[in-house]
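Below you'll find the structures, each written out as structure tokens.
In the two complexes that follow, chain A is the common piece, with chain B as its partner first and chain C second.
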Partner chain A sequence: MSKATWIRAAVLIGAVGALEIACRSGAIPATMVIAPSAMVVALVETLQSDDIGAHLSQTLSAVAIAMSLSIVGGFVIGFILNWVPFLRRAFSPFLAAYYAIPHFAFYPLLIVIFGLGSTPLIVLATLFAMVAMILATMAGLDRVPRVLLKTARIHRLSLLDEIWRIRLPAAAPHLLSGLKLAVAYSFIGVIAGEFILSTSGIGHEIAFAYDNFDNPRMYALILFVLAIVTTFNMVVYAYERRLMRRRGA
Partner chain B sequence: MKTGATRLATVATSAQPDVHARLEGVTRIYPPRAGHGEVHALGPISLDLRAGEFFSVVGPSGCGKSTLLDVLAGLAVPSAGTVEFEGKPVRGEVPDGVGVVFQEDASFPWLTVEDNVSFGLRRSGVDAAETKRRVDFAIGFMGLRDFRRAYPSQLSGGMRQRVCIARTLVLQPRLILLDEPFGALDQQTRLLMGDELLRLWRETSATVLLITHALDEANLLSDRIGVMSARPGRFIEIVETGWPRERDSRLAERPDFGAVTARLWSYLRAESMQALGQGSMAR
Partner chain C sequence: MGGMFSFRALRDPILVAISLVALWQVLHHMAGDVAVTAPAPTLAHLWEMIGQARFLPHLRETGLAFLQALAIACGGGVLIGVVLGGHKLTGEVAEPILVGLYSIPKITLYPVILLLFGLGMPAKVAFGALHGIIPVVLFTMNAVRNVNRTYLRAGRAMRLTPVQTGWHILVPATLPEIFSGLRIGFSLTLLGTMLGELFASQRGLGFLLMTAIDLHDVKTILAIAVLISTFAILANAALLAIDKRLHRGAAPDTSGK
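Coming up: the complex of A and B.
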């Protein structure tokens, strides 16, 4: 293990350990935060309870749909904007200002339009995540070196081959960082939406536990969300690292 | 490559025995864009490339050397005039049999050396055995045998340029166009790469056109050297070196070597000063 890995592990273990001690000794009351070990126990119990399955599958399937929509849609839109300069000129001010919008303020409106249920959540999360993918796709395609495109012409590649064999692999590092953002933003979009206005889903369960002073269940679910998002990101990150190591970046 | 000689023979017996590629009255004018009016980059320029010769182009910076190469390769369409390769017109598409190597690193960072080299043969209709034979040959020829599975990021600039040359080589080009391929390399590497280029030229019998800004590199490598004027570039002189076909960088020791370089510089000096003067508007 490298020095950096040691430091990282030490900080993580130290922080969790300190929290554990602070909670167990009563320095932090259980009404505020429960000990990390208690969170794990609560998580195991929560996952065994009957009603949790439906909440999990609702949230995760909403995330999966939003993620797929924003990655595929973001890529296609980014590609089109990169390809058609006047469209790009028309839309780029919107894209630049996009993340200044407090998306969640529009959530009630989405419920009015789409009704209660998964649809407004998916729409919210997709709106939130897709633009990150659009921007990353455009940045990646912008940075494909011109000499590689010339090389494509020398090899007399068809347009599809040029895109598939040159533009996409050349833009891959940017596409991957867009993908990572889209994954994270989809989770945030769905879970935060459930927090605000929903009758089911993990976000709602966390809010519900909070309202009922059910700290063990609340922290168990927070831990669960954290674990899932981290795992997902680690998988993409590992793939990205492998790719980048080859490229020497 | 044994097949080189036979291929060349068929070229030489076609209607125009000696001319492999021909530019006639070619100009290239870039349309006006924001900030400046139209730019007359090149010509009118005419050139007959003889089959199997090593021809270099030198000229002041911004004189349209690269434009000349792009037009000849079919990467750019001339504003006026005609381009022919092996008797057929070239217009907006790179003809079969033409290979191009650029100054910038054009290796694909996501592919191994081997996959980079075989890139042009995949989906080309060349069968697997022949592909393997050609790739092995090109990798061996360019001294990349120990780096087959390496990625370009693990190689030096000179090695990456070898990868690009090998990638061109597997397509068995009959005309190789090189746009300052060693421009980003250090002097020693340049000299060695020059020797390898000469060896490649001799063994493949291809016609070579090299764009360079280094006068002694042009002198050392070439049978003929076209000296271009400041923009819009045309040939102000074509110098025949008269060097033997078997030659390498030791040619520089010959007493008459310096005389040719000096001659090139005498043509170029005034043009270069003029180019410096218009530097502010150079493309």
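Coming up: the complex of A and C.
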């Protein structure tokens, strides 16, 4: 391991330790932040309680569906936009401004159209996450080195072969960062929707715990969501590193 | 070169804008007034709302929160980014942490922000700045790191003072990349501020939006959404035009960002 990795680990452990001490000594009141150790204890307790399973499975399955839809759909749309310059020119100002639009304003309309339940949440999260994947796909395909495409032409690769063997691997790093964003944005979409209007799900439970000053349960669920996303990102990151090493980068 | 406002550059976005309004109209016919009000009455309602005196304080609240958050995100982000980019080890230590923070669903942290800052303006500003600052830091750090060493050596050969080196070499070399970061920071800060206003807020456009959601006032929901979206798209288009102009003279982007 490199020096930077060690220092980073020390910094992170130090930060958590400092928070622990500050909370235990009362410098930060428990009404604001509870000690990290207490968060972990609360997380274990929360996960063991009977009522949590339904909330977790609802939110996680909604996120999984939204994530798959946005990754596949985003890749296909990004590919088409990259292929057809007219469409790209027309859509790029809207794509670039997309994340400044308050999507959650449209959530009530989605509820009216799809009914209360998982469907409007999935639609909201998919709409929110898909564009990150579209942008990443376009950025990746833009940066395929010309020389590789020329090589493909010299070898007379068919279009499918060229896409599969040249364009996709060359765009892989960008596609992976799009993947990471799509996961995070699917979580944001589902959880924010559950915050606003929902009767179940992790987001609803966090908001409910906040309203009832139930800090241990609130921090436990926040920790749970962040731990899932961070684990996923680290797996992708490790894969990315392996990919880069194999290319000698 | 027809300039950045040539007819050709404007034609395609205008076509898309027209088709979006058409799509809106179709949605209205499919879903009816309960779910989607028609474009014309909604825009008329928006115009009427902007004219009302009670609308202005909300607009000012949101604008102020956004500007403060933007100032923190841009100023703080560039400052931190320069430090992290200038010092190699610190940058290496911090980068994965920052990337990790960037891809966390920050919405889950909003209750924590509310507990730390209390209800009101500071929480909105903090949440907006939290969204915007990380991309600014990452882009600035990369820009500072990637300054071509040859330029610095040339500067030393010409015996430039540190101030001259900064002004004539570092600023022009890093500005295009930093500006790209600021553009993304702008959009994310707006998103963060709006999200902050949607929950536990007593003033601002987000509050109006939540009230309209509770009352199921579809016309107002859509009017506010259109207002914010239009602002976001226009501001972003302007920033994008400046961004392109800055990048035109710069070396081709090889950083992969």
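Assume the second predicted complex is superposed on the first by the 247 of 249 C-alpha atoms of A that agree within 3 Å, B and C clash if a C-alpha of one lies under 4 Å from a C-alpha of the other, contacts with A are read in each partner's own complex, and residues count from 1 in each chain.
Here is the rule we use: a contact is a pair of C-beta atoms (placed from the backbone, for glycine too) under 8 Å apart; a residue touches a chain by one contact, two chains touch by 3 or more.
Values in this document were obtained by computation on a predicted structure and should not be read as measured data.
Among chain B and chain C, the chain that touches a larger number of residues in chain A is C. By the touch criterion defined above, A:Ile222 lies against chain C but remains apart from chain B after alignment on the C-alpha atoms of chain A.
In the superposition on chain A, A:Ala184 makes contact with chain C only, while chain B stays out of contact range.
After overlaying the two complexes on the shared chain, residue contacts for A:Leu160 are found with neither chain B nor chain C.
Overlaid on A, the two complexes show chain B and chain C touching no common residue of chain A.
Looking at the complex, you find that chain A touches chain B at residues 145, 147-148, 150-151, 153-156, 161, 165-166, 169-170, 172, 243, 246-249.
Against chain C, in their complex, chain A makes its touches with residues 2-4, 7-8, 11-12, 31-33, 86, 89-91, 93-94, 96-97, 99-102, 104-109, 112-113, 143, 173-174, 180-181, 183-185, 187-188, 191-192, 195-197, 203, 206-207, 210, 215, 218-219, 221-222, 225-226, 229-230, 233, 237.
Considering their complex, residues 73, 75, 93-94, 96, 98-100, 102, 104-106, 108-110, 119-120, 123, 151-154 of chain B touch chain A.
Note for the complex: chain C touches chain A at residues 12-13, 15-16, 20, 31, 34-36, 89, 92-94, 96-97, 100, 103-112, 114-116, 186-188, 190-191, 194-195, 198-199, 206, 209-210, 213, 216, 218, 221-222, 224-225, 228-229, 232-233, 235-237, 240, 256.
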